[in-house]
Amino acid sequence: MEEDLPEAPIATTPSDVNHTASWRTFRPVIDLKLCTKCNVCWKFCPDDAIAFDGVGFPVIRLDYCKGCAICAEECKPKAITMVKED
Amino acid sequence: MEEDLPEAPIATTPSDVNHTASWRTFRPVIDLKLCTKCNVCWKFCPDDAIAFDGVGFPVIRLDYCKGCAICAEECKPKAITMVKED
Amino acid sequence: MARLTIPAQELMRSGHSACPGCGATLVMRYLLKGLGERTIVTVPACCWTVIATPFPTTALDVPMLDCAFEATGASISGLRAAADQLGLKDVTIVGFAGDGGTADIGLQALSGMLERRTDGIYLMYDNEAYMNTGVQRSGATPEGAWTTTTPVDEFSRGKLEPKKDIMAIIAAHNPPYAATVNVAFPEDFVKKVEKAKAIHGPRFFHALAPCPPGWRYSSEKTIEVARLATDTNVFPLYEIVDGVYHITRKLGVAKPVREYLQTQGRFSHLDDAEVAKIQAQVDARWKRLLALEGLA
Amino acid sequence: MARLTIPAQELMRSGHSACPGCGATLVMRYLLKGLGERTIVTVPACCWTVIATPFPTTALDVPMLDCAFEATGASISGLRAAADQLGLKDVTIVGFAGDGGTADIGLQALSGMLERRTDGIYLMYDNEAYMNTGVQRSGATPEGAWTTTTPVDEFSRGKLEPKKDIMAIIAAHNPPYAATVNVAFPEDFVKKVEKAKAIHGPRFFHALAPCPPGWRYSSEKTIEVARLATDTNVFPLYEIVDGVYHITRKLGVAKPVREYLQTQGRFSHLDDAEVAKIQAQVDARWKRLLALEGLA
Amino acid sequence: MTQLVISGNYAQSYAAKLARVHVVSAYPITPQTAIVEKIAEFVASGALPAEYIKVESEHSAMQACISASALGARTYTATSSQGLLLMHELLHWAAGARTPVVMGVVNRAVAPPWSIWTDHGDTMSQRDTGWIQFYGESNQEVLDTTLMAFRLAEHPEVRLPAMVTEDAFYLSHTVEPVDIPGQDQVDAFLPPRERSSTLEVGKAMRLGSFTGPEHYMEFRHKIAKAMVRTRDVFLEIEDDYARITGRNHGGLLPTYKTDDADTVLVTMGTATTTARGVVDAMRADGHKVGLAKLRTFRPFPVQELRDLATRVDRIGVLDRSFTFGAAGAAFTEVAGALYAAPHHPQLRGFVAGLGGRDITAAMVREALLDLLTRDGPESSWVELKSRTEAS
Amino acid sequence: MTQLVISGNYAQSYAAKLARVHVVSAYPITPQTAIVEKIAEFVASGALPAEYIKVESEHSAMQACISASALGARTYTATSSQGLLLMHELLHWAAGARTPVVMGVVNRAVAPPWSIWTDHGDTMSQRDTGWIQFYGESNQEVLDTTLMAFRLAEHPEVRLPAMVTEDAFYLSHTVEPVDIPGQDQVDAFLPPRERSSTLEVGKAMRLGSFTGPEHYMEFRHKIAKAMVRTRDVFLEIEDDYARITGRNHGGLLPTYKTDDADTVLVTMGTATTTARGVVDAMRADGHKVGLAKLRTFRPFPVQELRDLATRVDRIGVLDRSFTFGAAGAAFTEVAGALYAAPHHPQLRGFVAGLGGRDITAAMVREALLDLLTRDGPESSWVELKSRTEAS
Amino acid sequence: MIEIRFHGRGGQGAVIASELLAQAAFLEGKYPQSFPFFGVERRGAPVTAYTRIDDAPIQIRTSITDPDIVVVLDAQLMRTISVTAGLKPDGLLLVNSEKAPDALASSFKGRVATIDATSIALAHGLGSKATPIVNTAVLGALARASGIVTLDSVRKAVGRFVPAKQQANVMAAEDAYQHVVSLAVVP
Amino acid sequence: MIEIRFHGRGGQGAVIASELLAQAAFLEGKYPQSFPFFGVERRGAPVTAYTRIDDAPIQIRTSITDPDIVVVLDAQLMRTISVTAGLKPDGLLLVNSEKAPDALASSFKGRVATIDATSIALAHGLGSKATPIVNTAVLGALARASGIVTLDSVRKAVGRFVPAKQQANVMAAEDAYQHVVSLAVVP
């Protein structure tokens, strides 16, 4: 174990190996019919947990979304709803 | 010696036990005839080395005067001259 | 795909350890979008030391150097000097610190960096308290706010003293560029960062970073709270370029400060008189800001 | 005996260890004349730690507490709190520090004291360098000045960076009272001190203290040099009372800065262009000060 | 007296309140925060009529305490790790100025890498500053010792600052039953501070001063002598405390089952509790093992250790810190103290529990067995992947 | 090579220049100022194309050095006393981050009372920070050792910060002849720094980081191991330096006339020179006395001391600092190191020269005679009004 | 000595639960010890806390690795965290879940109990739908399922030491104790 | 080994004088050591500095208490300071004074020399009337009076190491050496 560590405390593994899905109580679900592709949800996501699909619709990266609901709150057309995880 | 010292480093002897006359190369000498008793020399002396006599003339406290010559410089009527110590 | 209003490149990774809805995270995200890859970030103790995730992981795609809580300004100067000496002239050095690490314990190192005209950027993300240690008052905590060290009880009504005006302190050092930014206005944020990047000398950002647990509101409100801060004139957006003030968002009429205060549990104990006092202070500060803009 | 224009009582004793003609000594003398006996002075490392004379002697007739170089502001707060708790409400607590100890290494503790609104006075005597250690540059050293760490040689023309504007930094903290004072104007000095003494909360003085060996002039010129500093607008005299600026000495026409610079060896290398640049800066600062006075 | 189930941090806060401190000045740092938050509550509610100076750094916290103390106030602060390190210059100062500041320290590892977990590296590296150092084992001991620390620090023959430490989380955040003495009991034990060696308004007196080679050494020697006296003064104070509260924590080097022991483990802080359990268990197996706790590291209990050494064959020292280029500080100092002792038991150092690593019963047992039965290296790190000689 | 009559301070400045440092960051403090003033001159004249960062405190000086070093620059700073103490947190940091900063320290007593004169209290209280510590005896040794310190600190098996100290005034302001090696010689000895364990632009890498109990202890152990390796690496480096310049200062514990000595005095810094004269004089009187100099305090020369102990009957340790509540640090550590040695010479500690008091030949002679002939206290203060037991 | 480990998420009150249990045990004359494991304690992030209870002063100060009882305040955690790690085979697993014990996806072979503490908490106005504060309800259930403390002690501890809504919290604990606890031994 | 103590006042150059002497000795292949005593070093305040010169490396690092030679840069100091304290009975006292050696108010019974270094310094434009810089002149006189270094070495040392006005300083040293030194043994 000690041998595997670098000499100085230098971290080099990108943090997206850490999945933060378990932090979440509610999950954002997008109603693509309402979505205007405005990107606002993407812009305000503090966890960089929103990507886009091939045609420009937002896609929640559920491994990372912590369920803060900012996207739902800020989506003007209210295309996002927060759904309880079970 | 150690016994004479206070427990904490607290100094209580007023500094005027230290005579600073030896710092001086020149000594201020006041020509009372020119003096207007304006007090300017007293006011500007950094060593608090000027007192007054009974009638309000300045008196140099030669134990302390360091000979900076500010008094001579600032005396409007030029009543003070700096005289070399020997 | 709609045109993005801020750069697409993400230099902050997912999987970080911020609370859900953390404003400080957005500050880092926007900052790095504006600065790009050839950036080195130095970070003192603050929420971001934790957000950046524990060893062996790291949340930034650029080098990050931890520094002592009180020494960000010096760390920037050290990195800048080394970069210059090692032929890395094109690299942007940026210090990223909290309000406590900037306005309190790190103020001196920051002042030193400004005074010696280090070519680097210092960003203070302002969540208005020591959050990483659990919501203690900082110099940047606003007057009236509850924190764990400014309780609400018989002999205490939250923080007694006004918020330290970090921008005024910075302005007193006359840097070539300083600006306020707010996570609710990402376009303005990134634009200012891009502008600053092109300037040399010490540059400073004061970034508002709402904090759900510390300010006692629920996580989805981060942007709303942030927006209200600016729209009530509690946190005006402006730049100071070579000493000249320029307000970058001016509303016809500002909203009442109460609208901002009531979004947050930390202000819930305030009575009408206290709210009115805060309103008066905000008005006075705004007036002064307008006057300073006029000085140009 | 002519009427004295400043109080007769001397709380600073002779026999101290200052260089002949030391301006810093006059600063202490006038300050204590204004404050009187019920004063406690706390002093960090600076010329005054030496001026106050070695153990077992002391140059002040009031208690003096040595504190760490960087901690004057905190020392004031500690003394104030203790005085209040021990029933010594009427005592004035004053911190007396050099420009290095204030604008550089002690800035943070000072800022903290201002932010937490400690009821005490902080005076910075400004000899514009680290004098006690032999004339190294401080943040308060003026641009262009020679010091031992800003030599005059092929790659160096004295200090590169402008003097840190401590009054602007203080003003940014919005204390109830701040003022500049100058040993060449003792009446103005003492009057301001007496005024400040009656106010509560954090108060600040910026005192010009010419230093013959550090500024390279001969000792008798201390008052002349100091007077020129004000009369050339290099060191204007003003107060800031609750944020309102008031210039206390305004000349019809200021003397050219050159007159001030040429009194001192530390500026002797400056060429005409450099002097002109400094003149322009002084003019700009004066203009800004007038504008700030107008803001009221 | 009441009994409460509280954390080590609250034990500190209650002690400060019971001591009727005048001035508190502190800066937050995990895991110390609850101490000062509780004090802030006490002040806010009026339960403690002190002034709590909210400073902008630990450096200022200590200066504020020193200055307040210089004028005669009873002062308290608390910190941990980086905060303690930032105070370093001022720690020297407090001792040199003979200001009896009392400080709670939560022992936490030192950065980098950042760690908020316990080890003793922070306080060990203050061992040269002239502070009295107590290491706490339980919340009760923390509370009691903090009260004793005020009286000790302010004692006219001592007049030195004192710190009472507690292991991060293992005490700071662990709640357990604590007897809280009544205010009347504390008042009887701890009178208001005497104002000697303090500044007096209206007098020409400079505290701190400046001195050439002619006096400095004597002032240092006075501190050295005061620290020597600290031992006896403390024992008296502890007796007095026991008289009033019925509790005595056993002086500078409390021992456990050492009377007939041939092997003794020297411990500090919370590892002691676990080790005590191990001693009981090993005794049940027939091993004559015992325990000695370094309750004070300053003054270092030289005499007590020498007494102990006359009775035993083997001593192990469990360090929760390590001095690079040397060994565990407790190990080195125990060895140094015993050098001049007539009898030289075998001595072994064990470094364990850095950066919050658990010091488990199994580890302690293993160390003791090692000491009993094997010829191991003089100093070893416990529970790394592989044990390695390290000095 | 040229010979110059220069001060210890200039010896430091010349070493930094010859090492072609990239970044210097320092803050003035008596008696260190001449070091940085000279460097400022070198930079101003173009003789040294480094960046000199003029910081607002020593704390920032050390952080600037650490950060510059983290990116791969060769960095130097210098300080003394209070300035060193103010760096304390950052000293730990430099070691933990494995940044090979080199620092000149002028040993000066610690306030209060203020004193600008020498003693070792300032650096001794940094003995737990993970820095390599060299104590200089002459200006030549200071210059040579500083150059060696750069190579040692940056060595891939070491990567630790190093300080080279000199006694205030006795070296810092004393001019004496010094051989200045040629730039070509130094270049041959000290290649540019290897950029390992440093930040790289464009990469995801965090230096410092944050870690729970699972890794912290291992990172500390790595430092411990590096410090152990330091000993051998240094001896190699010193050989190499000798090859190039012809000068070798004798490793970690240079000895003088110890081969047949029955009594040895352990010294540090400039007291060594005076003691060497005393040894010669006493030898002339027929006393078999010798000298061992703690040239490094970190790593502590445990092995060397044990070797020495096998040969002698009596060892005296001359400390120029004192740890309150214990003894002189060198005395304690020597005792600690010798505890496990097979042979136990009589050991006595002498505390002398605090706050700039002269350590005169008479004092050293008296201490040696005391050691040779009398049964004095284990630890005593030399040349106070009266000698007093103090631990 | 009984060792209990609590699993929850930042904001749910796991640390307080472990402390309240200690307070309850103390009221019964026992010697309790309780402490959190402090990791990155963020709202929503997994949190662990521990309680030891004994009849004599506790001679150990380490983390708990082999608990007698594991209490899970949020069943969702079981998807990512191995909550039963080290749990003694004859131990007890208590989970906040509306499911029946045998419907839980747990490989634990000992006694399992469940309690719908979320519903109870919300019924008593404790916390919000997004973050119900379930610790007192869970504690009531734990008293019943484990018998390590009486309901009365839980009542008293909650009444005295919960910072707010004492009455509602006591009632939640009672509810959980008296009506909703369901026990089952998984075969 | 020869030990020399210099007395002067801040600004007169006593420390530099002691260093220049060391440089001069070094030029002659000797081992010098020179250091100031640092007290409150203020302009005008009394200052002391020391030089040791030997044929072998110097095995001592302490202040000088029993000098072989005392050099006084400012005769006024003799009114307040006991400049000859510890001076060896067969030693040398050199004073900057226009007076003759036997006219000096000194109780010292050994060799005494005087030099009017102030006039020489002023004649060569060194310093001002208020603070003449007399160190190089004194050094020239010292070379002659003591013979510990040659004038040539003094010339070289001054020429190389004086920060300004090298030429004038060399000439002042020569002047002092060649013309103005007056020696006398007080009976």
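Each chain gets a letter, A, B, C, D, E, F, G and H, in the order it is written, and its residues are counted from 1.
Basically, a contact is a pair of C-beta atoms (placed from the backbone, for glycine too) under 8 Å apart; a residue touches a chain by one contact, two chains touch by 3 or more.
All values derive from a computational prediction rather than experimental measurement.
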Mutual neighbours - chains that touch chain B and chain G alike: E
For chain B and chain E, chains touching each: D, F
Centroid comparison with chain H (C-alpha atoms), farthest chain: G
Whole-Å separation of chain centres (CA-atom averages), chain A against chain E: 47
Intercentroid distance (Cα basis), chain E paired with chain D, Å: 43
CA centroid of chain E to CA centroid of chain F, Å: 29
Where chain B and chain C are represented by their mean Cα positions, the distance between them in whole Å: 55
Multi-chain contact sites of chain A, meaning residues that touch two or more partners: 1-2, 9, 11-12, 14, 19-20, 23-24, 66-67, 69
Contacts with 2+ other chains: residues of chain G: 42, 44-45, 130
Per-residue multi-chain contacts in chain E, two or more chains: 30, 54, 56-57, 82, 86, 89, 93, 96-97, 111-114, 117, 203-212, 215, 218-219, 221, 358, 384-385
Inter-chain touch pairs (all): A-C, A-E, A-F, A-G, B-D, B-E, B-F, B-H, C-D, C-E, C-F, C-G, D-E, D-F, D-H, E-F, E-G, F-H
For the chain D and chain F complex, residues of the former touching the latter: 45, 49, 55, 66, 68-70, 104-105, 107, 130, 132-134, 136-137, 139, 148-156
For the chain D and chain B complex, residues of the former touching the latter: 1-2, 4-6, 10, 12-23, 25-26, 29, 52-59, 61, 183, 186, 212, 219-224
Chain D to chain C touching residues, read off their complex: 70, 103-105, 107-108, 111-112, 115-117, 139, 160-162, 164-165, 168-169, 171-174, 288, 291, 295
Chain E to chain C touching residues, read off their complex: 27-30, 33, 36-37, 40-41, 43-46, 52, 54, 56-57, 82, 86, 111-114
Residues on chain H engaged by chain B in the complex (per definition of touch): 9, 42, 44-46, 76-77, 79-81, 130-131
